[in-house]
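Common to both upcoming complexes is chain A, partnered first by chain B, then by chain C.
So, the complex of A and B:
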């Protein structure tokens, strides 16, 4: 480390530093702009300058009827996100464990599972809606919509699970069996507890990918919209900073979920530390 | 206890695809014995150990522990405990809970099992660290925990997979002594897989030398070391020079063998030996003298290619024109009584009784990194 900081910085350093700065501005600048503009004064518009600072547009979201069923859409997206999270975490745990062995057909099955990441979401959504109607189901956000979201969250979750399992030593399971544990005991006392922080990461992706998924939702949720579709509709017919207010709110929800996930990991580590101090 | 912890392996074969990792092995390990299985990597020793533990099942054959057929018995219910090479301590559990794990799966209450675990930790002198996590321990301490975790199941047989390979030289020698002491205290069978020859010789009551999935020789350490069965065992266990020649003459008193350098060697009677038949034999490196005059019998002549001072002896390597270097362990005073330098031609000789006939035909070198 000391060697690096003592070395003379060449032009490459300044070039890369400038490049990185631009990158960060590009990444977080727009979010910051939306955040600031959502606190626009009540007489302000969609662009700078700020005409005072207020929470007027947040209030407007709740009280005005101009924005359609925003509350319902938010609730649906939240439930859908949680369902996707649960199913993704459970399925990916077992799928990941299964893929550790080379079973017959494991290669093709893996590519089939990952393939749906490559298909354009809107087309996949169209296919799913056709398929469900063909089978005689009515399109519904918690049925065909959930299916469409899982086609997006589960392949991702599986890939993350592979990365998590990369650091998992199968001899832990053997040691458990050697101590007399039956299959369910190995899973409950050894495999899942050791993998748990990684499982939280899988679950987190399951939630956030579903929560802001639009292309796959458009044609599959049926009559009632999810939040991303609702916001997308707002961009065409709402011309007030309320648009930014909803952006800020949804971002906050995402950050809260991430914070909860980190908190969960921290709590687990603390519990393990407590086991250490002997209580 | 002795009878209960005897291991009978009968015609056990393990195929991976069509490749036999263990090939029709039959072996009896006496109850209460310290058995070391040794061989180069891929020789099948670990597979055999894992089959005794039940982590692999034999393709064919039978494994008995204490007269009970355990071939198809569930791992963890056959009276064995395995200590893993990397210890495989559970990273999410404290030492106490690691050691108490097998009691937990049996359904003992938290208090009862923790108490027993602490007693066991005390036994391996780690009670003061009972509440630590495995990642906070040194390699040697982790190994003691693994040992405690295995022993708390009260096994009839303790299986150790290269238990000392991850330790540094100093700890390795100390743990070696401790393992031996523990084994004689407990009186149970230890089966210890290793690839280190001195470890096997020092620890074992029974040494099992393996190669290519078969048992090449199973015997006490002194017999393995001084009366190897085949050229492979002689080379792999070390301490021997392997010589090959053709039968020159036979008689009631013994068989004479001529090596390619023209030297004659007097061996014991080689059964069914005809003149001209190939014969392998070995001579212990520490039973050889240097002589001034080249003899006709029981000796060799070669150029010194290397001299290593080893403290208690001097190791001299000769190039005699054959496949293996000819190595002589000499007494320090003997060697330095005359000036002998690398490049000199010197003569070596030994008493005929030190010629040991190698009956087996396995002529591989076994271990490429053998000293």
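So, the complex of A and C:
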């Protein structure tokens, strides 16, 4: 590794380490505080002091009718997240493979994907909703909503596939083909297994980006809201720690998904390392 | 890839492979964007929208004195956030790449910076409320320390809160590309400079900053477009006191003034594209990425 200063750790190291630590506190501190405050006692408010410790506000989310259809919104967001994850992983796998060669139209498709990243989400939501209505389709969370989510997850998936395929040696495929494997066998037994950790990363982006998506969903989900929309409505209406309780719950879902993805990738890498040293 | 394009099926392969993505990009990005452009030329009589070709919507937006203010406010947010995120992102990446020796620790700390990306932006924004409110942690701490007698009102529901939230949400979009650029710098280059007697500052100025330009440019494009596309943070964290182009656009949409909203959107996209082009003028990202 390139080191700026020689073996001794000078004042620069300690200054930069302190700066980095402060940044990490800045990044995580507020989140940890609201996780703590979501266990506020039943008379507590949006800020410290804690008036006892309870799960009052979590219960409040389920029992009170003030918060709309949180359970339904949560279910819809999970379904959308899973659909986006599957579709993004599969579509981006094949698209990534295609982009290894130059083909007619590759430029425009790539720029559409980048354009989708750059354009304000609410604008694209407006466009999708108007396009659907011009066609005479009704707005539905599982159709226009899903499409809006895919417009957000696909570009990330595609860029990750580019990075993954950059390090992929096509001679493995060539060898399999020379050994008489048919196209689907090359794909199923060579390409996909080698690329699998990268595909998990694409899937992680597919799920989490969809699960937390708000601006594109707003105009495209029709009558039934997703969880981020319900939560963003709550930021203006709810002035109790229930807001933090729903924040804690949805963050727990995100962290579980992130941990599962990291774990899966780590297990695969370890197994590969073992196989390599064993042979 | 040395493919056997003599087989007729092989020529079609990339088209079949890319077809689902192409379909989704055309129906969910291309046509919707065209729809917005189209809509911006349609007629609106206060109740319904009619197909037409009129510049009235643009005239309305451009003649309104509010428009310029909105654009200037949005640009101000974007520039302040950009400067802060470049400084923080560069410093953190610089520390990770050049001062953390163990590669595993380096990757772990890098991931620590990126994990919030996979969690909810809305919640991360909300998490500033207990800090910034009148009875929040900052005010109590400042009063405790005797620095102020009365709680400051400008912390929450102000431009300060908006920019702070932007920095909190978007700095990781700067760290990831800058970290990538820095990690690609050949260690021998730095070794050679040090052997030739360069000070750490000279190495930073003459080697690391020039070679991190691609990362800084990519991060800047992300941050500028994210800030300029936001309506939610500015609405909630300013308590409705400030507005940006997109938050004004959102108000128009809520009132069903779709053509006017579309005209504003088209103007905004033109401004954003100009800014992205300006960044690309300074740094040729495509040739740098191919390195």
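As a convention for this text, the second predicted complex is superposed on the first by the 250 of 279 C-alpha atoms of A that agree within 3 Å, B and C clash if a C-alpha of one lies under 4 Å from a C-alpha of the other, contacts with A are read in each partner's own complex, and residues count from 1 in each chain.
The rule is simple: a contact is a pair of C-beta atoms (placed from the backbone, for glycine too) under 8 Å apart; a residue touches a chain by one contact, two chains touch by 3 or more.
Keep in mind that this is a model prediction, so the values were computed, not measured.
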Checklist entry - Regarding the shared-chain residue A:174, is it in contact with chain B (first), chain C (second), both, or neither? => result both
Checklist entry - Looking at the overlay, does A:201 come into contact with chain B only (first), chain C only (second), both, or neither? => result neither
Checklist entry - Does chain B (first) or chain C (second) touch A:130, or do both, or does neither? => result second
Next on the checklist: So in the superposed three-chain picture, is A:190 touching just chain B, just chain C, both, or none of them (first/second/both/neither)?
Outcome noted: first
Item to check | Partner touching more residues of chain A, whether chain B or chain C | outcome: C
Next on the checklist: Tell me the contact category for A:37 with respect to chain B and chain C: first, second, both or neither.
Outcome noted: second
Next on the checklist: With both complexes overlaid on chain A, does A:182 touch chain B (first), chain C (second), both or neither?
Outcome noted: first
Checklist entry - In the superposed arrangement, which partner chain does A:20 touch: chain B (first), chain C (second), both, or neither? => result second
Next on the checklist: So chain A touches chain B in one structure and chain C in the other; where do those two contact lists coincide?
Outcome noted: 174
Next on the checklist: Which stretch or stretches of chain A touch chain B in the complex?
Outcome noted: 169, 171-172, 174-182, 185, 189-190, 193-194, 272, 275-278
Next on the checklist: Help me check something: in the complex, which residues belonging to chain B touch chain A?
Outcome noted: 53, 55, 75-77, 80-82, 84, 86, 88-94, 97, 101-102, 104-106, 130-133, 149-150, 153
Checklist outcome for this item: Within the complex, chain A is touched by chain C residues 1-3, 13-15, 17-18, 20-22, 24-36, 39, 88, 91-92, 94-101, 103, 106, 109, 111-113, 115-116, 118-131, 133, 135-137, 140, 168, 171-172, 185-187, 189-191, 194, 200, 203-204, 221, 225, 228-232, 236, 246, 249-250, 253, 258, 261-262, 265, 268-269, 272-273, 276
Checklist entry - Hey, which residues of chain A end up touching chain C in the complex? => result 1-6, 12-13, 16-17, 19-20, 23-24, 26-28, 30-31, 33-34, 37, 45-48, 90-92, 94-95, 97-101, 103, 105-106, 109, 112-113, 115-124, 126-128, 130-131, 134, 147-148, 150-151, 154, 158, 170, 174, 204-205, 208-209, 212, 214-215, 219, 228, 231-232, 235-236, 243-244, 247, 250-251, 254-255, 257-258, 262
